[in-house]
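Both complexes below contain chain A, partnered by chain B and then by chain C.
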Partner chain A sequence: MIRSLPGLAAFAAGLMGLGIFLALIVAPEDADQGISQRVFYIHVPIALTAYFCFGLGAWKALLLLWRGDERYDLESYVAIHQGTIFGALTLITGSIWARASWDVWWTWGSNQLVLFLVLFLFYCAYFMLRFSLEEGPRRARSSAVYALFGVVLIPVSFLAIRLAEDFIHPTVFTREGPQMTGTMFATFCVSWAAVTLLAYVLYRVELAGKRLDADLRELREVLQ
Partner chain B sequence: MNWSQAELVAAAYGVVFVFVLVYVAIIAAKLVRLQRETTALLELARGREAAARRDPAAAVEAPNES
Partner chain C sequence: MTYLADVAALTHKDLRIELRARDTLPAMLLFVLSTLVVFHFALPEGTGDAAAYGLLWVAIVFTALLGLSRAWVPEQEHGVLDGLVLAPSDRSAIWLGKTLATLAFLVASQVIALPAFVLFFAPLDLVALAGVLLADIGICAVGSLMAAMAAASRSREVLLPLLVLPLTIPLMVGGVGAAISPEGERYLLLLALYDGVFSVLSWASFEYVVTE
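What follows is the complex of A and B.
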């Protein structure tokens, strides 16, 4: 089991390389969408990781409100920051896939797309709220409450594809299982693991940087 | 502008690569700043230590001054 950050980062890079190789070379071409379906192997794992990061941010926010430990504030903030980065990537890769498959960059007719945009903008506003308040327990609590409100949008956005009536956005995972071949599903699983691990490494790196920054600020105050 | 499907697939993967690269560059820049700050604080601490060795009485009184 790899525990050190450099080891995890190297493993994530290797897994990303394997995922891209499988997605672009090994996985068979989709009969319906052709080569553009290969965006699926990067777009869907990134979207799922964004949901996971937002969920993690809300969970840490709940822990902050529950236990009152301020270290959860920074963890919640970093998780939401990661979620926003992966959310932006979801929108960009989704837009490229839409252009390739539907011949449009964006469509307001798809509930899944619009709800994900709402979720993304909601978490963008989290940063506006956070940086408009002075650092301290009040800011931590206000940010935590906001992060918890946002978590309601995650299942709505996730399930919108099944509730949508337009059927523009494809449904790959149904009650009958994944609607793809074994190789395609294996490629998807490797890509998903790689993107999740990459997000975890970036989360740990950013958190370590922020903690070091805070420690140095405290040290400066003590020395001066 | 007419994009082929292969170009769009390459663009999707390329965007992810560029995002990760920019993120790593930002973290690297932050690391350089933190290293610079650590060096400054280390020099400050060493200066205090040297001052304390020269005049131990002043060093004991110093915290009370603030």
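What follows is the complex of A and C.
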């Protein structure tokens, strides 16, 4: 399994390059927002990938609680780790976009961005929890339960943030420009595929590293 | 029926411990009243009622956190939690008993704190009160599970607010919305949805958190 990783990584890098090329050169300029709209091709795929990673982490957590197989613990943790990294990137790219189109670094008017901030804090607490528990099945299960709370929190928070707009932010920013053209949509799909693949490669690399680490520790204990 | 009897016995145990030792409730009461006084000085003149309602919710959440941080302390001593886990009852009954006891403390502290809020700051209507009650249920349900997780960790008191605060954001939105929005009922629905979803989730997952 590890042997296929360099090939996959090279493919992901190539696809990322293609995505960036399409986003910067080929896709037509947005009539409304101009060049700043191009961050969309990076920002939205990263955000979707972060959701996907959180979902994967929760799915592995569910499998852990269901089947009790220890290996799901590491898989769940690594997926959430990647999700948090991509979540941080979403906040950064979203902030850059907000600066370019609304002239502020942060806006409470963008539901998605606020949701990501809440999720980011939530998943940072996941790491705090994980690293302050003793290693073992109980830690695995507590982390899994917390990861499951995360995926339930996503829709509930989204609903709450939508409702909160009524009293916190009566005017809603609309970032929907004109309908996406075919080229724009194609560019978006390539970027999305590239970022998803990149996340998958990172997930596999980290997982392989963590497993090697655990195996090595076991070996060392046997040898001593 | 034995399930309900177990829950009742566990809640009763917590209430009786509190009646004898008086560890939690007086602290919560004093905390929430001091917080309200601090808020008086934090709110500049003419800030209006809306800001006061927001701060009331901060006070409620932090008071709940104070209560939750003490919630599993009696179980930590003398291996009580191990005994409860080994007892021939459903483990979720332990969670439900703790949630009900914490809820009782929180509501009891609010019986004093909310009139004080009305006296100091702004009136509360029925929808706002319903919002407080629904949010109390949600925060105790989620909080007692998180407190059980935090109690098993090395950094319990520090960890609990970090775990609970992101989860209380929908409750905050619902509670503040119920207090200040003209269509407060919509926010009650959000709170009821939150309570339903997260109570079932906490109820179902408690067993995994306490068993070795």
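Some points to look at:
By our rule, the second predicted complex is superposed on the first by the 196 of 224 C-alpha atoms of A that agree within 3 Å, B and C clash if a C-alpha of one lies under 4 Å from a C-alpha of the other, contacts with A are read in each partner's own complex, and residues count from 1 in each chain.
The rule we apply is simple: a contact is a pair of C-beta atoms (placed from the backbone, for glycine too) under 8 Å apart; a residue touches a chain by one contact, two chains touch by 3 or more.
In this text the structure is predicted, and so the values were computed from the model without any measurement.
Of the two partner chains placed around the shared chain by superposition, chain C is the only one that A:152 touches, whereas chain B remains out of contact. In the superposed pair of complexes, A:44 makes contact with neither chain B nor chain C. When both complexes are overlaid on chain A, the residue A:118 reaches chain C alone and has no touch with chain B.
Contact with neither chain B nor chain C is seen for A:27 once the two complexes are overlaid on the shared chain. Look at A:194: by the touch rule set out above, it reaches neither chain B nor chain C.
Once the two complexes are laid over each other on the shared chain, residue contacts for A:58 go to neither chain B nor chain C. In the superposition on chain A, contact is made by A:133 with chain C only, not with chain B. Listed in rising order, the residues of chain B touching chain A in the complex are 3, 5-6, 8-9, 11-13, 15-16, 19-20, 23, 27, 30-31, 34, 37-38, 41, 44-45, 48. Residues of chain C that touch chain A in their complex: 142, 145, 149-150, 152-155, 159, 162-163, 165-167, 169-170, 173-174, 176-177, 180-181, 186-187, 190, 193-194, 197-198, 201, 205, 208-209, 211-212. Taken in their complex, chain A has these residues touching chain C: 65, 118-119, 121-122, 124-125, 128-129, 132-134, 136-138, 141-142, 144-146, 148-149, 152-153, 156-157, 159-161, 163-164, 166-167. Interface residues of chain A, counted against chain B in their complex, comprise 20, 24, 34-36, 38-39, 42-43, 46, 85, 88-89, 92-93, 96-97, 99-100, 198, 202, 205-206, 209, 212-213, 216, 219-220, 223-224.
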